[in-house]
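Please read through the structure below; I'll follow up with questions.
By letter and in written order, the chains are A, B and C; residue numbering begins at 1 in each of them.
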Amino acid sequence: MIKLSVFAGSLVLALMPLLAYAAEPCLPCHQEKSPGAVAQWQGSAHAKAGVGCEKCHGTDHEKMVKGEAKVGMKVCAPCHKKAYEEHRASRHGMGLHSGWGCTRKLPDRKPGECRFCHQEGDEAPRSDVQCARFLKQSPEMGEIGCNYCHSVEDACDSCHSKHMTDLKIVRDPNSCAKCHMGPDHPQWEMWQTSLHGTLNASAGRGTGPDCQSCHMPKGSHNVSIGLTMNSGGVPYPAAKAEPARAEMVNICSGCHAPSFARKELERNDQVRSQSLAILKEAEQVIWDLNDRGLLDPMPADRPPHPLSGPRLVTDSQMLYEDTSHIERLFFKMKKYDYARTVKGAYHQNPAYTHWYGNAELKMDLVDIKSEASRLKERKKGAAPAGVSEQQGAEDELKALKNKFDRGALSEDEYAKEKGKVLEKMR
Amino acid sequence: MIKLSVFAGSLVLALMPLLAYAAEPCLPCHQEKSPGAVAQWQGSAHAKAGVGCEKCHGTDHEKMVKGEAKVGMKVCAPCHKKAYEEHRASRHGMGLHSGWGCTRKLPDRKPGECRFCHQEGDEAPRSDVQCARFLKQSPEMGEIGCNYCHSVEDACDSCHSKHMTDLKIVRDPNSCAKCHMGPDHPQWEMWQTSLHGTLNASAGRGTGPDCQSCHMPKGSHNVSIGLTMNSGGVPYPAAKAEPARAEMVNICSGCHAPSFARKELERNDQVRSQSLAILKEAEQVIWDLNDRGLLDPMPADRPPHPLSGPRLVTDSQMLYEDTSHIERLFFKMKKYDYARTVKGAYHQNPAYTHWYGNAELKMDLVDIKSEASRLKERKKGAAPAGVSEQQGAEDELKALKNKFDRGALSEDEYAKEKGKVLEKMR
Amino acid sequence: MIKLSVFAGSLVLALMPLLAYAAEPCLPCHQEKSPGAVAQWQGSAHAKAGVGCEKCHGTDHEKMVKGEAKVGMKVCAPCHKKAYEEHRASRHGMGLHSGWGCTRKLPDRKPGECRFCHQEGDEAPRSDVQCARFLKQSPEMGEIGCNYCHSVEDACDSCHSKHMTDLKIVRDPNSCAKCHMGPDHPQWEMWQTSLHGTLNASAGRGTGPDCQSCHMPKGSHNVSIGLTMNSGGVPYPAAKAEPARAEMVNICSGCHAPSFARKELERNDQVRSQSLAILKEAEQVIWDLNDRGLLDPMPADRPPHPLSGPRLVTDSQMLYEDTSHIERLFFKMKKYDYARTVKGAYHQNPAYTHWYGNAELKMDLVDIKSEASRLKERKKGAAPAGVSEQQGAEDELKALKNKFDRGALSEDEYAKEKGKVLEKMR
C-alpha cells in the first residue's frame, strides 16, 4: 500500500511539467512567435517546477506588448528570498542609483521607467541620487550605454539570462564580463591575464579562482563582501574597512596563508593611497586655474552642469563633455587611470597596475602640468606690455580670494598670502 | 549483377584518393620541402575528391617559385560557384578596392600585383578606387599592414586557410577575428563581451550567436546581408536601407520577436545619427580653421595628399600622417570613436558604445575645440598691437570668401555675412 | 631470486611517496595552515619522487616566516640543470637586471632583496645595471608593478607555479600571458588575433602554433632563440643577427618552406628599420628643443633623473614621469608604438602592425611636431618687439653650440652652420 502511494506520488511529480505545459495558455501562440524563449523555458528548472509564464509575466498582455511589464526583481523575490536580500545589500543593489540618474528632467521618458525612482502613484522619488553623466546622454545612449548594465539593480536577468535557469551560465565569469570591462573598470581583462585568471584557463577553477570564487563566496549574491572602498574608489573609513578586510582575508585563506593574503592586500592599500595622492595633485592644478579664471572655456562660458550649474565639478559627478581640455585629461586620470592602477593591484595584475594604470596616471599628470603652464603663459602673453606687473598682482589677489571663498585657504592663510602679494607690489 | 556494379563503383570511389595520390607528381618532392602543406592537403576534402596540386596551382613551377601563381578566387570559383557569387556580391568582394589602392604610382611593384586592378594585358584599370592611406605606406607596411586583410577580395584562403578544408576552422569566429579587430573596427572584441558573445562562451553557439550566425546566415558568403551603412559608417539611403533592415530583422527573429529586434536596431540607428552629428561638429571646426589659414601646418605647407594634392581632406581618404594635430584628433574621432560607438551599439555592447565610443567622441570634441581656441589666440598674439582690429576684419573677410568658394555658404549667406563684417569696420 | 629483488625494488619505489609523506614533518601543521599548497604538492611529481618540503624550503622556519627564504632558481638548479642553464642563457635570465634596478639607493629595502644584486656578504654588487623607471617607483609599486614579472630571472615559479608540477600549466600560452601583455609589449594579444593564434583556437596547437612552439622549441628554456633584436627593440649587429635568423627560419620550417619564412622575416626587418627611422626623427625634434632651451620644463627645472641627473634622457632609461609633455609623447612612441609595430609584424598581426603600431607612431610624430611648433612660437611671442631678430640669432648660435657640445655636429659642420647665422645677422 505504502509502495503504491509512493509510486503514485512519483507519477504526479514526473507528470507535473506536462501538467504545467497543458495548463500554459501562452504556449500555442508563443511557440510560433518566440520559439527561442519557449524552448529555453521548457528546458529550465522553472518549467520542471511548474512555474509558468503568468507567474512571472502576469496576465495583462497589453502591458507586456507595450514593454511596461518588465519582470523586475520583486517578481523573483518571493521564491528567491536569500538571493534577493543579499543582492539588495550589495553594490549591485545600487546599480541604478549610481548610473540611472533622475529621469524627471528628461523629456520623452518611457512609461515604466518611473518605477525605478518612484513608488507607484508617489510623486516624491524614493531616492534623489542622480548621475550628471547620464543626464547629458540622449535617451538612446542612456539606454544602451548606461542602463544596459546599471539596471542590474532591479533585474535578475542581467546575469541569469531571461528564460534559462542553467547555472553554468551564471557561474561562468563571462556573465560578469559583459559589464565589468572597458576603460573605466577592466576587471574582466585584468583578471584574465592575472595569475588567477591564467591558471583558471590552464588548470581550471579549482586552481585559478574566478570572479565568483572571490566575490560571490559560497554562492552569496552580496558581491560587495570584503571590499574596502566605494564604487568611486574612495577608501572606506577604518571602522568600515577593517571588518570588510577580515572578510576578504577569510576568502583568500581558502587557498593562501592569511598572513600572506593580508600582506598582499595591505601592499595594494599603499598603491591605492599613493595613487590618490597623484590624483589630488592634478585636481589642485585645475582648481588653481579655475581660481585664476584660466580654464578654457571657464565653467560659466559653457553649458551648465546638469546638477551644479555653471561651476567647476571634479568630484564623482564630473563630466567628460562640454568641458575644457585640462579637465577632460583629469577625467581620464580619475575614471580610467586610477581605477586601473588600484583594481589592477587588488587583482594582482602587473601590467594593469603599472602600465595601464600608474604610468598613465603619471603621464596624464605631466600633460596636465604642461597644459597649465601653457594656459598661464597665454594669459601673460595677452596682456599689453607695461601693465603686466600690476595686472599680475591683481590677478593673484583675485585668485587668493576665490581660493578663500571655496574654503581651500583658512582666514589666517588668506591674510598671510595676501600680505605677500601686497609686499611685492610696493 | 546490379549489386556487383554498385560494389565496383564503391570500390572506385573508395580508391580514388589513393589513385589521386599515385597520380600526384608533386608529392615526392614536397613531402620533403613542405610536409605541413602536404599533410594538410592529405587530410582535406580536396584530397578525398581527387583535387590535386595542379588543379589549383597550375603547372608553371617557375612562376610558383617566384610567387606569381597565387591561388586567387577565380581558381576556386568553377567548383564553388554559389560561394563565389555571394562573396563577390558582398563587402568582402570589395576588400582590395577599399584597401589596396592603385599601385601604378608606386615604384617597385611586385609582379602579380597588377592583376588586382588590371585585366591581364589591359593598361586601363578595371576600377579607379584608390586608398590614400595605402599610398603613403612603404611596400612592406602595405603588405602586412593593409593587404593581409584587404586581399580577402581575391583570396578564399583569407578565411579557409590554405590546404585544409575543415569547416570547423572557418565556422569558428576566430577566423573573423584576425581582421575584424583593432582600434578602427573592434567587432571581435565587442562581440566577445556582448551578451551574445558571453552566452556563446558559457552556453554555446545555440544560445549565444557568433559572427557567422548573424552575418553568414545559412552559410551564405554574402557577409553584407542586413547592413544599413557602408564600410565607412555612412548610412544607406532609405530605399536601400529598408530592405536590408528587413533582412536583418528576419535574421534576429530566429531567436527574438521581430518587434523587439526592430526596436533595438532603430535605437541603434538613433545612436548612429547622434554620433554623426558630433563628428560633423568637429569637422566644421577644422574647415573653419582652414578657411582662416590657421591649421599648423596648412595643407599647402606639407607633403601633398596622394590623391588630392595640397588641399584639406577630411573624408574617407583622410590621412593620419603628414597632417596637423587637430586633424589627427579628428581622424581618431572618425575612424575609431565613431566606429566603436556605432558598431558597439549594433553589437549590443554597452562599454564599446559608451566608453570606448561615445565618451571618446565627446572628449576628442573637447580637445578639438580647445586646440581651435589655442590656434586662434596664437594668431591674435602674433599680430602687432594697433593693427589687430583692421587685420581681424580682413582675416574674417578672407575666411568668408574661402567658405563661399568651397560651397559652404550660398551667395546670399555670403553677402549677408560680409555685410556684417563691413558694418563693424566702419 | 632476481625476480624477487626486482619485485622488492618496485615495492620500495611504489612506497616511496608514502615514506616521504611519513617522513615529512611539516605536513601535520601545514595541512591545517596552508591546505592548498599541501594538496598541490601531494599531487605533484615532486611528492611522487620523494622531494619534500625541506629539500626546497630548507629548515630555518623563522626565516621562512619572515619571507627571507624564497625558493630561488639555485634551489631548483641542481636537479634541473639543463633548464637552468638554458634559462640563464636567455633573456629571461636577465629579467631582474633589466627591470629591478639597483636597490641600494632606496630606503626601507626588505631583507632578502639584496641577494638579487649582491653575493651574500659582498658589498659590491655583482652587476651595476639599474633601471631609472624602477628607481622612481614606491617600494609597493616596484613590487607589484615591476618585480612581479622581472623576478623571472631568479624564480622558476614565475611560470611553473609554486607547488604544482603539472606541465599542462606551463605549456599553456596563458602562463606567458600574465607578463607578455599590455601597452608596451602585447605579444599575448597580438598572437591571439594573428593567423597563428586564431588557428590555435579553432584547430589546435598542431595547426596554429603558440608561444612555446616557436620560442621554446623542443622544450628549450632559452626563450631568446632566433631573436634578432635586444629587449629594447634595437636590432642586433649582422654578425649576431644572422645565426639567430637561421635558427628562427629553422623553427618556422617545421611548417613553412624556409624560403617563405625568410622572406616574411625580412619583410618585417624592413618594417623595423622604417619604424626606427620615424622614432629617430621624433627624437631629433626633442633634442633640438633641448638645445634651444625650449622644453617645458627643461631638465634642469625638474626632479633630477635618478641615473643621469638634470639632463635630457631619451634612451632606454627614459622616464615617463617628471618630464615634459613632448617627451612623454616620445616615451609612448618608443615604448608602445614602436614595440607594437615591430612585434606586430614579427607575429603576423596586421592590426597591431598597422593600427596599434604604425598609425600611432605616425600620429604621435604629428603631435610632437605640432608641440614643437607651439613651443618655438611661444618663445617668439614672449620676446618684446624689436629685439626679436637679434635675439633669434643669438638663440640660434647657442643652440648650435649645444648641438656641437653633445657631438651632434662635427667641428666642420659647426663652423659652417655658425657662419650661416652670422651672415644673416650682418
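The definition used in the following text is that a residue touches a chain if its C-beta (ideal position, glycine included) is under 8 Å from a C-beta of that chain, and two chains touch if they have at least 3 such contacts.
No experiment lies behind these values; they were computed from the predicted model shown.
K.L.:
For the sequence-identical pair subunit A and subunit B, what is the superposition rotation angle on Cα atoms, to the nearest 5 degrees?
P.N.:
When the C-alpha atoms are superposed, subunit A turns by 120 degrees onto subunit B.
K.L.:
Determine whether subunit A and subunit C, two copies of the same sequence, contact each other through the same residue numbers or different ones, counting it as same when over half of the numbers at the interface appear on both sides.
P.N.:
different
K.L.:
Can you compute the centre-to-centre distance for subunit A and subunit C, using the mean CA position of each chain? Integer Å is fine.
P.N.:
Taking the mean C-alpha position of each chain, the two centres sit 34 Å apart.
K.L.:
Among all residues of subunit C, which ones touch two or more of the remaining chains?
P.N.:
374, 381
K.L.:
Please name which positions on subunit A make contact with subunit C in the complex.
P.N.:
The touching residues are 192-195, 197-199, 201-203, 207, 254-257, 267-268, 270-271, 274, 345, 348-356, 358-359, 362-363, 365-367, 370-371, 373-374, 377, 381, 385.
K.L.:
Within their complex, state which residues of subunit B touch subunit C.
P.N.:
33-34, 36, 40, 137-138, 140-141, 143-146, 148-149, 161, 164, 166, 168-169, 172, 174-175, 177-179, 181-184, 188, 296-297, 320-325, 328, 331-332, 374, 378, 381-382, 384
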